[in-house]
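The following pair of complexes shares a single chain, subunit A, combined with subunit B in the former and subunit C in the latter.
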Partner chain A sequence: MTKTNKTNLPKELYEKFKANKPLHFLLFGIGLAIMLLAPYYDFIPGGRNTNGFVAPAIYFTVAALGLNLLLGYGGLISLATSAFIGVGALGMGYFMLFQEFSFFLSLGLTILISLGLGLLVGLFSLKVSGIYLTIGTLFFATILENIFRSVLPMSTTESFREITFFGNFVIDTSKSYTQLRTGEPQYDRYIALLIMVAVLVLSMIVIYNIIKSRTGRAFMAMSRSANAAAAMGVNIAKYRIIAFMTASLFATLAGVLYAIYGTSVEKNIWTLELSLFILAVVIVGGMRSIFGTFIGALVIFTVPNLYINEYLRTFSSFLENRFGINWQPVGFAPVFAGLLIIVVVLYYPRGLIKLFYDARILLLKLYGLIRNRLAKGGATDE
Partner chain B sequence: MDSAIRSFFHVLFNALQQGSTTALAALGIVLIFRTSRTTNFAQSSIATLNAFVAAWLFSSHGFSIWVATPLALVTAFITGVFIDRAFIRRAPKNNPIARPIITLGIIMIIIGILPMVFRIGQSRPDGSPITYRLPRFFSGGIDVFGASLRYNQIFTVVVSIALMVGVFLFINHTKWGLATRVTASDETTARLMGVPTGKVTMFSWAFAAMFGTFAGIVLAPLMNMSPTFLVETQVNAFFASVVGGFTTFFGPVIAAYIIVFLDSYFPVLFNFWDGADIWGTSIVFIMVLIFLYFRPYGLFGEKPIKKV
Partner chain C sequence: MNKNPQPKATKPLLELKDMTMRFGGLKAVDALSFDVKEGEIVGLIGPNGAGKTTVFNCMTQFYDTYEGDIRFRDANDEMVSLKGVKVNDIIDYGIVRTFQNIELVPDLSVIDNLLIGAHKQFKTGLFQHILTTPKARKEEKHFRQKAEEVLEFMNIHHLKDALVAGQPYGVQKKIEIARTLMGDPKLIILDEPAAGLNDHETDELEKLFYELRDKYNVTILLIEHDMGFVMNICDRVCAINFGKFLAMGSPEEIQTNKAVQEAYLGEEY
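Here is the complex of A and B:
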């Protein structure tokens, strides 16, 4: 009896680890944080600073997680994501640069505004449903965009230099990145990245807990049929409002992270196009999957800018030198994202996260085949 | 008083033109929604793509606008058929958000293709920037109470209204119109009764793309042609479709005129207030959102009855 217990201990631990999803998110965050050190220690070929390409994936994942809650679990398409990210970034910019409030006061005010707007969308969603609701969110986005453009005092020149969190803890994100080999490395931007990773892990855990709770089950029930869910005693009004407020809160947090890392406060980029990119993240990565959302963000925001654009530039200069054709590789990222959306919706509806699952099944099948073949071979040999 | 009358007429003529184009775009959206059960978010993107085809034919190849427009309408027809055949028809039937999401993907592809193919915003080898423009169909105009009424505006309004009336007559009085109506009301039953629903949806996509493209071509001379120059029209058209209700063909058309008139006359009526220009559009939008809150299915729409 005791013997079997001893041999099963690693397996038990493994089962426990497998069941403890928040621990996975934590380990993922630590791993990501360590990987983000790579450019400082010259692990990237060509000595490039790849963190600038990974950062958008991190902060847009936070927004995409909120949208995933709406779309994957609630079946509601929201086209207002970018407007809510704009609320986060521009709210921080307005309060910190124009009102000179402290970081945490600005953060609190921005979140309050975003929750209020989320509540409005949620209230609106009580009366309007289906495609009317999607178009309604488009109008919310248009109204917010109009307000950003014509009311806020920002221009492209203002930017965050130093962000004082508390006391002596100051991040100067304008300090440029330096590699350890070439000089004293500047870790200010790395600390900003660490904050972003921390927020990312935290939001992953929060989303996981929401999904696994009564609220998550209510979302699932509502997405299939609101009427059926209501008949089973789910309070549609409450959960719809919760869904929209959570989504807007996450989008706003993404905007705050953008302001911390991106350092400047743009007011013209919070358009439908960005909302569509975030939608692409959710669809391509995999609806209802938390890690899938991050993978989607890497594919949509990092891969085109980091690798493919480089190859296309090489190709374009080749065309120019060889055939004298002047073709510039612009507009590739949206075409890539759009094609991925369509291909995934048509042929791979569970998203890229299912690749891992499929690959495992394939490997197991191959393993079984080989083992069978070996066993048979052995038998004939004897 | 004289200036008030003049600005009244000036705004009226512009609003009529804008209302007509918005109504055409809205009709396209509703046509697709009714026959193919798809909310076509890519309506304005498809129109922009084909308006740029016309502008490319005009600016780079010296075609006359009277030749470039029909050619662009042909490409619009092909675009519509292609999108329906290649993407929409293959979408999984059990997922209600698959098709709207595909149209969102089409928007992204077109956003990328425009600078890639037409090289907007880039410069030629000699350094001059590549720009596109389209001329008006007619030049000149007449004077009405001090406000100028361009012949082109009359042309736009007349053609748009003729097109819309033509569509209504077609839908209500021809065999193909009957097919469209039955497809719109119940696709499965219609198919069982031998109605070629596939062809109906295909032609709906093609005609919607043509309506959008025509709206884009007449709006192009009034603004700077950029990849996003039709987005405002699209948003207004969606507004109109929602306010008018997706369940009728004429509701969105009427709502399009109402919204454009509200939007245009707001700064005129409230010209004593400095912020009217800045806040006008937002206030009209908020008013419509409040209206939708109380009438979620629009002016003429009915609540769809669904089995649980």
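Here is the complex of A and C:
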């Protein structure tokens, strides 16, 4: 009795671990936080700025998680994601710089505004659906964009010098990673990154808990068959509004993180292009996959800036030196994202996250093959 | 055959009184009146386009512009009008329906589909689910257990974690019926439950309906084109044609009814 218990314990623990998804997100967050220490210890040669490239992936993942809930579960497309990120970033900028409110008051007000706007889009979605809803959100985003540009009393770029969270807890993200003269590490940006990772992990857990609850099931029922959902007692209007408000809340949080990390808020970058990039994150990473969303964000926002642009620059200087052709690889990221979407939709319609499943299956197959070989070899030896 | 004796059906559970439903100038249902008594299995038959599904849609308030009245016995044992009740509140009265084309969520597991049927019974809200409070966890566990019991009853417990997509048609029909049971129904409204099933599955379904009635105390109202099935299983049958009431009575009475024969086979010359 005790013997069997003993042998089963690791397996039991493993099963328990496998079922506890929030723990996975937590471990993922810790791992990410450790990896983000790399610039301080020169893990990546010449990669002092790596974190600057990973940060967008983190905050845009938060926005993409909201869109993933809306699109993958609720079956509703929104092209207003970037506008809601803008609400987050510019709301923080306006309240903290112009009204000189404290961080948390600004955060609260920004979230309230975003929830109100999300409610508006949700109410609009009760009247129209399908392609018309998509166009509606697009115009909603355009209106917000123009409000940012012409109504907000800010110049194009406003910089925070430092953010006071409470009391002595102040971070100045304009400091670089190490002091130039002494080489002493400066942890302000790292703390900002830690806050971002914490919000990311929390968002992941919240989204996971939503989709595993009756709300998530109601979203699925509503998007797959509205009639059946209504007959089962799902209030379609309520859940559409919840879906839009949740998505706008997550987008706004992404904007707040952008403001915290970016040291400055810009007025003119919250365009359709960014919304489409975030849509690309969801599609490339994997619809209805939480880790997939992060992988998508890494691929769309980090890889082009971190590697592809570097290679292209090398290639362009090679062209210049060898053939005297002057070609500047500017704005290549959209091309990369576009190509990737085409490839993924053609070959990995369920997103890049499926690569991992495929790899696992392949490994298991290989393992089985090798084991069979070994077993056979053993048999002939005897 | 193995037909159970009809329970003492006395009190009406559902009553239609002069129900008329118009689509523009077309009268899809014309002054239809009939009732369903507690514990009965009632069949609604009629040729294609007779307005059967329209009747169902009016009962479940998918169409709310009908004239006349639809009354249902509520929890206080009183007949109340369903007029003005919202579609998604109909399940509160204990009326649950299935659809002509299977309307399940294909990319959810079987058990999760069943839990959609228990949507209204959850007492905990969104925030409790986000925080996974002990109460929310307990509730989720409770309904999962209930779903497993229902699946056991339907003999599809082994499929509980499988996706609905890819399940055979007969199984999907079973899942839909199982989902209705999650809502603690008094009246189950089934739109062509036997359509597309093979003979074996139809026999199984027949047995299942008797068990349903006995174990879950439900009344069943169904639309069906498989006459053998209807005549076998139903205590009473209501026949309509072009939205008009033709006859209602025991299967034998309906089979010998002149008006019904004409509706199906044409007039005798």
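Going forward, the second predicted complex is superposed on the first by the 370 of 382 C-alpha atoms of A that agree within 3 Å, B and C clash if a C-alpha of one lies under 4 Å from a C-alpha of the other, contacts with A are read in each partner's own complex, and residues count from 1 in each chain.
Basically, a residue touches a chain if its C-beta (ideal position, glycine included) is under 8 Å from a C-beta of that chain, and two chains touch if they have at least 3 such contacts.
For clarity, every value in this text was computed on a predicted model and none was experimentally measured.
Superposition of the two structures on subunit A leaves subunit B and subunit C fitting side by side, clash-free. The superposition of the two structures on chain A yields an angle of 80 degrees at the Cα centre of subunit A, opening toward subunit B and subunit C, reported in steps of 10. Contact with subunit B, but none with subunit C, is seen for A:G75 once the two complexes are overlaid on the shared chain. In the superposition on chain A, A:A333 contacts subunit B only, with no contact to subunit C. Of the two partner chains, neither subunit B nor subunit C is touched by A:S264. Of the two partner chains placed around the shared chain by superposition, subunit C is the only one that A:N235 touches, whereas subunit B remains out of contact. Within the superposed three-chain model, A:A221 lies in touch with subunit C and out of touch with subunit B [touch as defined at top]. In the superposition on chain A, contact of A:S213 is made with subunit C only, not with subunit B.
The larger set of touched subunit A residues comes from B, when the choice is between subunit B and subunit C. Residue contacts after overlaying the shared chain place A:I283 against subunit B, while subunit C stays out of touching range. With chain A fitted onto itself, subunit B and subunit C come no nearer than 7 Å, counting C-alpha atoms only.
The interface of subunit A with subunit B overlaps its interface with subunit C at residues 225, 227-228, 231. Per the touch definition, subunit A reaches subunit C in the complex via residues 206, 209-210, 213-215, 217-218, 220-221, 224-225, 227-236, 242.
Of all residues in subunit B, those touching subunit A in their complex are 33, 39, 87, 90-92, 95-98, 100-102, 104-116, 119, 121-122, 125, 228, 231, 235, 238-239, 241-242, 246, 278-279, 281-282, 285-286, 288-289, 292-294, 296-297, 306, 308. The residues of subunit A lying in touch with subunit B in their complex are 71, 75, 77, 123-124, 127-129, 131-132, 134-136, 138-140, 142-143, 146-147, 150-151, 225, 227-228, 231, 271-273, 276-277, 279-280, 283, 326, 328-342, 345-346, 349. Per the touch definition, subunit C reaches subunit A in the complex via residues 60, 62, 86-92, 96-97, 99, 103-108, 112, 115-120, 122, 126, 129-132, 136, 140, 179, 183.
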